[in-house]
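Multiple structures are listed underneath, in structure tokens.
Same chain, two partners: chain A is paired with chain B first, then with chain C.
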Partner chain A sequence: MPSTQTPPLTGTAIDPPALRPPIDDAAIERIAPANVHARLAELKREGFTLLLDVGAVDYPQRTPRFDIVYHLLNLRKTKRVRLLCGVTGTAPKLPTATDLWKSADWAEREIYDLFGISFEGHPDLRRIQMPNDWEGHPLRKDYPLRGPARERSPRPAFALKSNVQAGTPPSGRTLEALQQQIAKIRGEDRSK
Partner chain B sequence: MSMSTTPLTPEIVSHEGNAMVLSMGPQHPSTHGVLQIMLEIEGETILKAEPEIGYLHTGIEKTAENLFWSQAQTVIERMDYLAPSSNAYCYCLAVEQLLGLTDRIPERARQIRVLQAELTRVASHCVWLGTHGIDLGALSAFFYCFDMREKILDLQEATGGARMHPNYLRVGGVQADLPSGFMEQLDALLEMFPGRMRDLRGLLQSNPILQDRLVDVGIMTQEEAQDWSITGPGLRATGIAYDVRRAFPYGGYENYDFDIPTRTEGDSYARFLVRLDEMEQSMRIVRQVRDTLKPGPYAVDDTKVMPPPKETIALSMEALIHHFKIMTEGFRVPPGDVYQAVEGPRGELGYYVVSDGGNRPYRVRTRPPSMYNLQALKGLAPGNLIADLVVIIGSLDPVFGEVDR
Partner chain C sequence: MEVGPGHFLLAKLDDVARWAQSSSVWPLTMGLACCAIEMMSATAPEYDIGRLGSEVFRPSPRQADLMIVSGRVAQKMAPVVKRLFDQMADPKWVISMGACASSGGVFDNYAIVQGVDTIIPVDVYVPGCPPTPDGLLYAVNLIQQQIREGGRGGLLARA
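Up next, the complex of A and B:
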């Protein structure tokens, strides 16, 4: 009899930002990669002096594949602007914003590290969260949750299943022998 | 100054001209976590500081994408482990915006959440004050701070069942009503707080040794603070009164009276004073919530999002079905994206949440205030002594669960 429990539901929206309900959280602009730096500079001149965050989202079924999301804040007018910049999937790259805001440094390094998107002109573009020799970009949707399948290092002898089942540690000392030894130290005679 | 252009090597010590490269951390008591700083020093003076982060990277954003909307909150609380409720609060507000529930949250739930958010801020500042004091050799303040934090953790335990990560807030309200005896415990805390703050101020604020260590160390101008995207106490210590609670009110903060403490000096001592004032303002909000707490439901009356009360399950078939559906497959969130920010203890804590219509978050991007605040170390450290670097790290108050996520 098949289970009546439905499988986990997955969403079907290919481009969620296009379907967003009317929420007044920020002014939203879509912008092409070629214009993004000029627009950021322009917004900074207009008073959006704080680059709050640079994030990225991966939409594998969509072209362009990635969205780079800039959150800007105008302190005087207390207004937010969100720039969404679509970036293609093959050799994705964008101009850096580090010349406008120093704070873009780590944010862009993180996107480079976790999404594999390069920022041209970044002074120090290298991995930030993952180890330097890591392969792959974990926050991409095609990156498996537990990491890629790879050869595991051999387990240490004491953890081998055969040894555990046999009840004999590789040192040759059984639990019984150990208990006897402890009893001997304590001056008890357990053999009786 | 002979600034080296070659990348800093991961060697522990290397020589280059008169300058020396020194690795501070990642196992160093005064870095407040697993932070490594590659320092280029000449004598005791820092020429260049390059923080290396990622030692505590646990992939929380990736994990959250593979959990139900409600389950994701449990890992999200673990980002800023000193202020778990702030993270949960921001995440819940963001998801509620996508669900269109924002205006339907009952008043009591909104008040309890504000209460939790402010208590967690005081608890977080207690840890900061205690450890900052220890960095400077002031040991006794630590015990006063942690004693007060303990009282707040007791309150968290009473609500959510756990001391560190109560997971008490929910999308749609809170998990359960405040337990009996909570108000008495809260009153005891409110009564103890002013005297305890007086003690702490007496121990630290006017202490000449502490002032020697903090005043004029790590000065940040308003322009620098904006350039480094500093938010929270760091920004307010430069004279910019930006507080998300006031600038973009959320969750009913517009109903409470509180001041935004600011200073104009921008040094470590200013940040220190701003945080102390903030603790008092937070307790002021807590007192107002306590005095105006309304009776009523503690969660939204929508069985598609909040499981029905446990006691109805045995009596109602629909309640049982809703409970089963939410527990086994979660709830679905309409597609869209939203940015929601709250004023966390360390600054603007933001969540950019994307839903593709499924029962799991498509993407949860955090705007981690700690990461941006810590990054400013690159600009603040050069020219200071190594001993002052410890002070600057302490006054930036990074939490590495949030920096590395």
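Up next, the complex of A and C:
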């Protein structure tokens, strides 16, 4: 069955739709936070011996706000399962999966670091990517891109989006003006 | 400096010291990002930074004269860069290689230091994204020029 997350294909895609098979190898399950550890243990007993990754997604407009995504692989049957678990609040908590798969260790640390979601029972829940004294969780959508300290300072002129969209060179001069200047340097007369 | 008729050299001792020093500016082995690829390319035969006497990339900051900040400096890397710079013996020089090291470049965000000159003093900035190896060689040339023309270094260099 094609995944609901298959991106919509249009006729303008570079690769023709026929060459791009739908993502159909992962069964997607949504589960409540209270049941997630029991379900993970059950899946492990069923043969999903490999936890490939644990990820998180922030949907700021939605309740529950965060999705924790477990990617599991059954090596014998070559089957995949994607387990989604919604959590909400400013400091959400989930039971850890490190007692089932050691590979959950750093993945859960990363989620804690970048999303501020705690995993109860994790042996070593520290930041992994940001410096230890960092404040805030940068991959949350409400985290200012340029950092809390610099968010209100003006952006340099060449970084303004309007310049990029208009195709104006960083100097502010138009392409025509630049070409005229180049011609002038080369000693050509472009007015004819 | 002049070569006398009996094939000996007359020069001020300080000039000789500066000549030797400027011909052996040894960089620190430190690559931060993609600019480091161009830095490695500058050491390879095609560009051959060895012609300037700078081919000896030292693995220890104690033995290095030149820090080439080759790439974006992450906030987490900033204290490390500062510490390496502090560990280098005087006199020492810094090249800020590329747009990211000089100003943050395209990374106008929370994770990247907006110019390495906010944490350590920079002698030469090399523009480009990434700069060509020629650009880096020219930067080393400029530092050699500074040394020969009475910049930091020489006999009276602070130990």
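The rule is simple: the second predicted complex is superposed on the first by the 125 of 192 C-alpha atoms of A that agree within 3 Å, B and C clash if a C-alpha of one lies under 4 Å from a C-alpha of the other, contacts with A are read in each partner's own complex, and residues count from 1 in each chain.
Heads up, the rule we're going with is that a residue touches a chain if its C-beta (ideal position, glycine included) is under 8 Å from a C-beta of that chain, and two chains touch if they have at least 3 such contacts.
Bear in mind the structure is a predicted one, so any value in this text is a computation, not a measurement.
When both complexes are overlaid on chain A, the residue A:H71 reaches chain B alone and has no touch with chain C.
In the superposed model, A:D105 makes contact with chain B only, not with chain C. When the shared chain is aligned, chain B and chain C each come close enough to touch A:P138. In the superposed model, A:T90 makes contact with neither chain B nor chain C.
Counting the residues of chain A that each partner touches, chain B and chain C differ, and the larger count belongs to B. Contact with chain B, but none with chain C, is seen for A:R82 once the two complexes are overlaid on the shared chain. In the superposition on chain A, contact of A:M130 is made with both chain B and chain C. In the superposition on chain A, A:D53 makes contact with chain B only, while chain C stays out of contact range.
Overlap of the chain B and chain C contact sets on chain A: residues 129-131, 138, 143, 145. The touching residues of chain A, counted against chain C in their complex, run 129-131, 134, 138, 143-148, 150, 155-156, 159. On chain B, the positions that touch chain A within their shared complex are 7, 53-54, 57, 59, 61-63, 66, 97-98, 100, 226-229, 231, 240, 242, 247-248, 328-329, 332, 334-341, 348, 350, 352, 354-360, 362-363, 365, 367, 371-372, 375-376, 378-379, 404-405.
Residues 5-6, 8-14, 16-17, 19-21, 23, 25-26, 49-53, 55-58, 69, 71, 75, 78, 80, 82, 101-103, 105-106, 124, 127-131, 138-139, 143, 145 of chain A touch chain B in their complex. In the complex of the two chains, the chain C residues touching chain A come out as 75-76, 79, 103, 108-111, 114.
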